[in-house]
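Two complexes are shown next, each including chain A; its partner changes from chain B in the first to chain C in the second.
What follows is the complex of A and B.
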């Protein structure tokens, strides 16, 4: 028997959800309006502004950059994050405790400080090309997701299965690929997709690392917003919301969205 | 191969990535502030005696604290409802909270630009119903920044607290009730103390997130409502004052780390289960 929740509290929560979703609905409406300015409710419906997104060269280019950067940065981070997560879960006793904390450092250090420091050291001090420092910046940014989400799956994995494979003559590296990895696949997919969306939406690190000729979509949007105020931005925002929906669908199918409340 | 060696080999690439490309650059930034020809603490003296810089720091504190307090109250009440909702409704509510959370900060701040702008939706609506005769200037005020920040962080708070509230065993509240505790006594003496560690985690996330934010104060606060994040960017990329920017960075690191440490200490002391 659960006691009933007070109706006033229910109404309040309802208002909170209107507050949370309303602004996003407004963007959707503004993107569909056939006026040349942002308005809600839309007056007359058109998909013109979505077509316009792909006519603005800067949006097309940065969209591709952001997408490739998010895939590349996450792949890089996963490649080195999965072995680290495995080592932390499998050999917990032999590794220093602080190591787990080291891998979440990118969350602890303010992103904007990270972006500024990376710009100063990597881009200017060490003369790294823009693309390389962006890639490293984003790999760092998402490392905590890779290590933590995959780590959560690994902690639930029974390593005696791996030991069984090894004792039956399977080489260790092969046992890792055919026994361990398939068992933590949901964690890897969910971690990848959460890291991907984090990288795709990043502003604070990218704002320092983008440079002449190379920019990311959020940075381009930010610059565009300060000059123009037309429904094209709303359309790009809606396209980004579609990506969010796809990400949520993947997380729901792998670890379940309630994973995010843990 | 010993397991110690194997463990280290596997963990080395990630360790190096963080040490070389994060720890080293951040330490270099901090070191910059002590290498000033005018003396090791000169940049800090300049920071803490400048009226303008202190105003930025206080404004940032004010916005972050206000955002945290509002998010705590709104988030707790909402999480309470979500945690007790029937299964199906609960999952819809969680979807509704995750969706904005995973939508980028630029998109979410842009929404408030559209709502609060001079020709924005709110002014439009107020004009139409005749509540005002001239559009209000709501953008570039502290209020606009706080509203957008609360919008940014409430989903995070809700999701954090739903997990915490669900972890409180039903038996405990039932035991309290069967021993004669009124619902409000149960809430104050059982639920609230159990939720405190979660509230602290949520508060730390929201405070550090809003204290160090960049995009939202940039879009909704502008020059007039400069905050630490936008101030750091302006010093570094507009004025090319790297020592000044590094000093702002150092202050941000110290404030966030001190908050995290103080709050996790507090959480340990207040934890009724561990204590």
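What follows is the complex of A and C.
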């Protein structure tokens, strides 16, 4: 027998969905509007504003920047995060617990504070090029996702498997690559995707680190809104949303979303 | 190639805790020695030291004439079987077994043939292309065994290999392990907390406690002639009665228990090892006699339990609570007075240990 669901619970859940999804429907509607300003409900239907995203030079450029930045920042973060997660899992008995929390700090620090302090130190203090400070900033921003999600995989990994490989004549560094990594691949993929999306959609850190000539898509979106306030903003939002949903769908199909909440 | 394993005066720490104290052990060529003891006694530590996953603070480990002490674990050439099997989940049975050969640079066709042979030998015909997740516990342990054996290691080590299997499979697998070890003539070190398992397959067993070997001998010797109270208790001499030899007369020694009660020990049945000694007795080593016996301990029978092969009584004696077995032919009633007469083949006399 299936447990009965209370009608109030159903109503409440419905309400949550309306509030969560409602604004998104409005954005989609606004993006399709045949007007030169943002409006809802849309008047007329056109895909012009979607096409516009790919015609405006600034959007084209920042879209590429955002994409490369998300990949580069996440990759950089992973090269630090995977070894860190490995060490935390492998030596969790001897390492102080506080060390594990250290890698979650970027989540706890308000992003805007992190953005400001990174600008102060990387860009102003050390005079780093914009691209470099963006890369480092995003790597730091997504580091908690890399460490935690890969860490969840590693914590479930039986390290006697690694020892078995070593006992069979495989040096430890090689065992890490041919035995440990293949078995935590789902965690690495999930962590990468989560980090990628976080980086792609970031505003708070990027707004401090972008500068003349180099911007990201969300920052360009803000700039565009100040000047034009046309439906292009809505269509960029829809595109960002679409990429996020598509990526999540891939994760769900291959690994299951519950993986991310573990 | 069979070689011996020599552990010389090895001491090991875990953090600030000493887990092994000056341990020495020699496993002869082709011999299977078990390390037996409760968890925390140092048996797994010893195995991990030999494997190279831990470093001793003192002492040396040699395999034949090769000094292993400072060798990294991957260069030690030791076959290891783990409690959790530790199979590579992302590889098939065949790839699991081939792994060690691949690390040794054994070429494709030779590797394939040797792996296939070994898979057959451990009885996994037809399962070579399966992944570990699709195997039963027993099959997984066979893969682990094949994977360790195929590299033809001079030393095989087992870390509680059967603890994750059910009781019947455990018996089958331990016979299998012994058969393969003997057929290869491989020197083996076997860690377990299961006394029956250790005794049934080992040439010799080391009973360990608190980082030391309490006694190392053939199972038969351990079972009948424990060297000290710890081993005696471990192998089932449940009753331990302190005594002092006070008078030797003709064919018997008279001994006094703590409360002054005297016990006569006939010389043709018992040899008293020291003036202060312990009478260690299995429950079945104390015969329940209803008549007065000078060579028996006076007792009042208490709770009776039925064991199938006999009755067991909890008896109150001057030496405290004692467990004894009575015959199946006649159950005695609680409250009866009796004498518990030690049977030499199920009892032993141990020198008293300094407190």
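By definition in this document, the second predicted complex is superposed on the first by the 249 of 262 C-alpha atoms of A that agree within 3 Å, B and C clash if a C-alpha of one lies under 4 Å from a C-alpha of the other, contacts with A are read in each partner's own complex, and residues count from 1 in each chain.
Criterion: contacts are C-beta pairs under 8 Å (C-beta built on N, C-alpha and C of every residue); 3 or more make two chains touch, one makes a residue touch a chain.
It should be emphasised that the depicted structure is a prediction, and the values quoted were computed from it without experimental measurement.
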item	value
Touching partner for A:5 - first (chain B), second (chain C), both, neither	first
Of chain C and chain B, partner touching more chain A residues	B
First (chain B), second (chain C), both or neither touched by A:142	neither
Partner chain in contact with A:158 - chain B first, chain C second, else both or neither	second
Partner chain(s) touched by A:16 [first = chain B, second = chain C, both, neither]	first
First, second, both or neither for A:123, with chain B first and chain C second	neither
Contacts of A:168 with chain B and chain C, given as first, second, both or neither	second
Chain B versus chain C as contact partner of A:183, first or second or both or neither	second
Shared chain A surface residues [contacts with chain B and with chain C]	94
Chain C-touching residues of chain A, taken from the complex the two chains share	94, 158, 160-161, 163-172, 175, 179, 182-183
Chain B - residues contacting chain A, complex	3-4, 6-8, 10-11, 13-15, 17-19, 21-26, 28-29, 32, 74, 77-78, 80-82, 84, 91, 93-108, 110-115, 117, 119, 121, 124, 151, 154-155, 158-160, 162-163, 166, 170, 183, 208, 211-215, 218-219, 229, 232-233, 236-237, 242, 245-246, 249, 252-253, 256-257, 260
Partner chain B, residues of chain A touching it in the complex	2-3, 5, 9-10, 12-13, 16-17, 19-21, 23-24, 26-27, 30, 37-40, 79-81, 83-84, 86-88, 90-91, 94-95, 99, 102-103, 105-106, 108-114, 116-122, 125, 136, 139-140, 143, 147, 197, 200-201, 203-204, 207-208, 218, 221-222, 225, 229, 233-234, 237, 240-241, 244-245, 247-248, 257-258, 260-262
Footprint of chain A on chain C - complex, ascending	15, 51, 53, 72-80, 82-84, 86-90, 99-100, 103-104, 144, 147-148, 151
